[in-house]
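Working notes for the structure below.
Labels A, B and C are assigned to the chains in the order they are written; within every chain, residues are numbered from 1.
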Amino acid sequence: MHPLARRLEALLFISSRPIAADRLAEACACTDEEGADALQALRTEYATGVHGIEIRDVAGGVTFAVADDCAEDVRRFTGAEKPDELTPALLETLAVVAYLEPVTRAEIAEVRGVSSEYALGALEERGLVEQQGRADTPGAPVLYGTGERFLRLFGLTSRNELPPLEEFSLGADEVDEIRSRLHANAERRAQ
Amino acid sequence: MHPLARRLEALLFISSRPIAADRLAEACACTDEEGADALQALRTEYATGVHGIEIRDVAGGVTFAVADDCAEDVRRFTGAEKPDELTPALLETLAVVAYLEPVTRAEIAEVRGVSSEYALGALEERGLVEQQGRADTPGAPVLYGTGERFLRLFGLTSRNELPPLEEFSLGADEVDEIRSRLHANAERRAQ
Amino acid sequence: MRAEASAVAAPPVMLELDLDVFDGPFDLLVTLILRDEIDIWEVRVSRIIAEYVVHLADTGEFDLDATSQFVVLVAALLEMKSRLLLEEDVEEEFEDLDPDEAARQLLERLVRYSQFRNAAGSLRTAWEEHSARLYRHAPVPAGLLRRRVVDGALSAGVLADALTPLLREPPVPDTSHLADLAVSLVKELRRLRLILDDEGEFTFAAVAPRGRLERAVTFFALLELHSSGEARLRQTRHFGDIVVSRITAPAPVIG
């Protein structure tokens, strides 16, 4: 194998976190181009199905992960459990944080229409949401955001990979339907 | 690569401790002979100089380790890494492990009242908590405990030096009493 | 809407009421209010609470489910009342806000919220595909660590501190203030009526006691005075002081 690729392999093996391409080059004291070539060689070596581990691009870097078809054996052996399911309330709160971060608890509550204190606590405990300082507004409320673990568990390289929020807009029909229902209500109340 | 060798590779990659040869066969649900063949195939694949990691035989079994000629890159990389803080959730989990070890994941979750999967993983990553075999109870859950790095970080020579819980006049050696009190409180909190 | 849903789902609160405007089971009263068949202004929430406290004392049975249900419904009634109270001010402030405009604003909020709800759906798909993937969580062997672990970098005392909160018994929830509240609400009403008779007008800040709970009781008493038509409440800006003025003439002095 490419000598530089071997060194990258050792780094990826040892690090518990994904490593960005420029940090890899830095650690190997090589140019970015040499690093990119070596990484390409490593990707070829670890193409799907060849080894029991694969190269994954997540959370702003590169990392090794167990190949999907070997995961069951590993899980049985290590007793590792799958992460707990996320309830709809947790997923919804997480979506608000991920799209609006840095975001305060009050802003989250405003979007969701309900207090999200419990959901935020549960997401923090699971390491999916973290406190990222305080806002410069009166009361200096805590700002929440997502971190590396969020990207990893959702298979994202960066938050930019989240589909644009506009993609999730309601269809024109649905908006019309809600509008007419609201108008009917307003009229009834005005009478 | 040999399909069974891929599964062994995944197991060795994920495990932070050496795995005994007979346990490898068991984990892959194959005969000892098949296991030995697969391991031999893996040894050939990872013969010195081929990859950045190698297979080593150490006390207790087989493990992956960084190839000697790649060690300097790894050191350069770890030297540049920033130390992580221990968040309150991590400290609490670490305290539960330190005072109750050996302890299962389920027991930690019960006394803390929240799933501690993420916290345990993060502590393992930092080398503060390690897997120490399996319990003799149904499902043979993994037992967690602290290790040498934990003692050094906290300036202890042995676990007997853990500070007594003064408010409760419990000594560090009174594990049974700490355990039963934690469980009683967990139950009360769940009501 | 939420109160309506829970009224269907949870066990009924077995409480017979005998109020000026209504005579029958509590659940029926709530249903009638929700259907706009009884005006909530006519209902004195403090009376309902007082009756429930008496009911609990009489039966000597404490049904946790039914009581939680009762608290939820009473809270819903109070919320409706306080909203109605605020409506006057809101209308003054946004005189131009016609029903169509209100509907438009609500629509905007709903549309925005539904984007996030749908985004949560797409996150679920990603979670199902990626969350179970296995990464290595192993410490770097000591020989490969340039940044060595510093002996005693952390004090062992923090471990004891971290464990201590878990060893402390969780406090028993104190519900005694529920009964106290009902009693002091009656007392507080009496006090405010006396001030109103004497002064004709006063402000919330001038009469409210110090404690948070006590202030809440004073506030509920104001709501009662308003609903019974005894006083008019004015608040010129949000979180500003509330001016309370007498509506009914004081009883004529005879002889």
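Note that in this section a residue touches a chain if its C-beta (ideal position, glycine included) is under 8 Å from a C-beta of that chain, and two chains touch if they have at least 3 such contacts.
Predicted model, so just to flag it, every value in this text is computed and none were measured.
J.: Touching both chain B and chain C: give me those chains, sorted by label.
T.: Correct list: A.
J.: Compute per-chain Cα centres, compare each with the mean of all protein Cα atoms, and return the closest chain.
T.: Going by the distance between chain centres and the overall C-alpha centre, it is A.
J.: Report the inter-chain centroid distance for chain B and chain C in whole angstrom, where each centroid is the mean of the CA atoms.
T.: Roughly 47 Å, centre to centre.
J.: Centroid from C-alpha atoms only, then distance chain A to chain B, rounded to Å. What do you get?
T.: So the centre of chain A lies 25 Å away from the centre of chain B.
J.: Report, in whole Å, the distance between the mean C-alpha point of chain A and the mean C-alpha point of chain C.
T.: Computed from C-alpha means, the inter-chain centre distance equals 35 Å.
J.: Touching two or more other chains, which residues of chain B qualify?
T.: Within chain B, residues 10, 13-15, 66, 71, 74, 76, 78, 122, 125 contact more than one other chain.
J.: When you check chain C against every other chain, which residues touch at least two of them?
T.: Only 134, 136-138, 140, 144 qualify.
J.: What residues of chain C sit close enough to touch chain B in their complex?
T.: Listed in rising order, the residues are 134, 136-147, 149-160, 162-170.
J.: Give every residue of chain A touching chain C within the complex, in rising order.
T.: Those in contact with chain C are residues 13-14, 16, 56, 63-66, 68, 71, 74-75, 80, 82-83, 86, 88, 91-92, 94-96, 98-99, 111-113, 152-156, 162-163, 165-166, 168-170, 174-175, 178-179, 182-183, 185-187, 189-190.
J.: In their shared complex, at which residues does chain B touch chain A?
T.: 1, 5-11, 13-15, 23, 27-29, 50-53, 64, 66-67, 70-71, 73-74, 76-78, 80, 89, 105, 114-115, 117-119, 122, 125, 131, 134, 140-142
J.: Contact residues on chain C for chain A in the complex?
T.: Contact set of chain C toward chain A: 99-100, 102-103, 106-107, 109-124, 126-127, 129-138, 140, 144.
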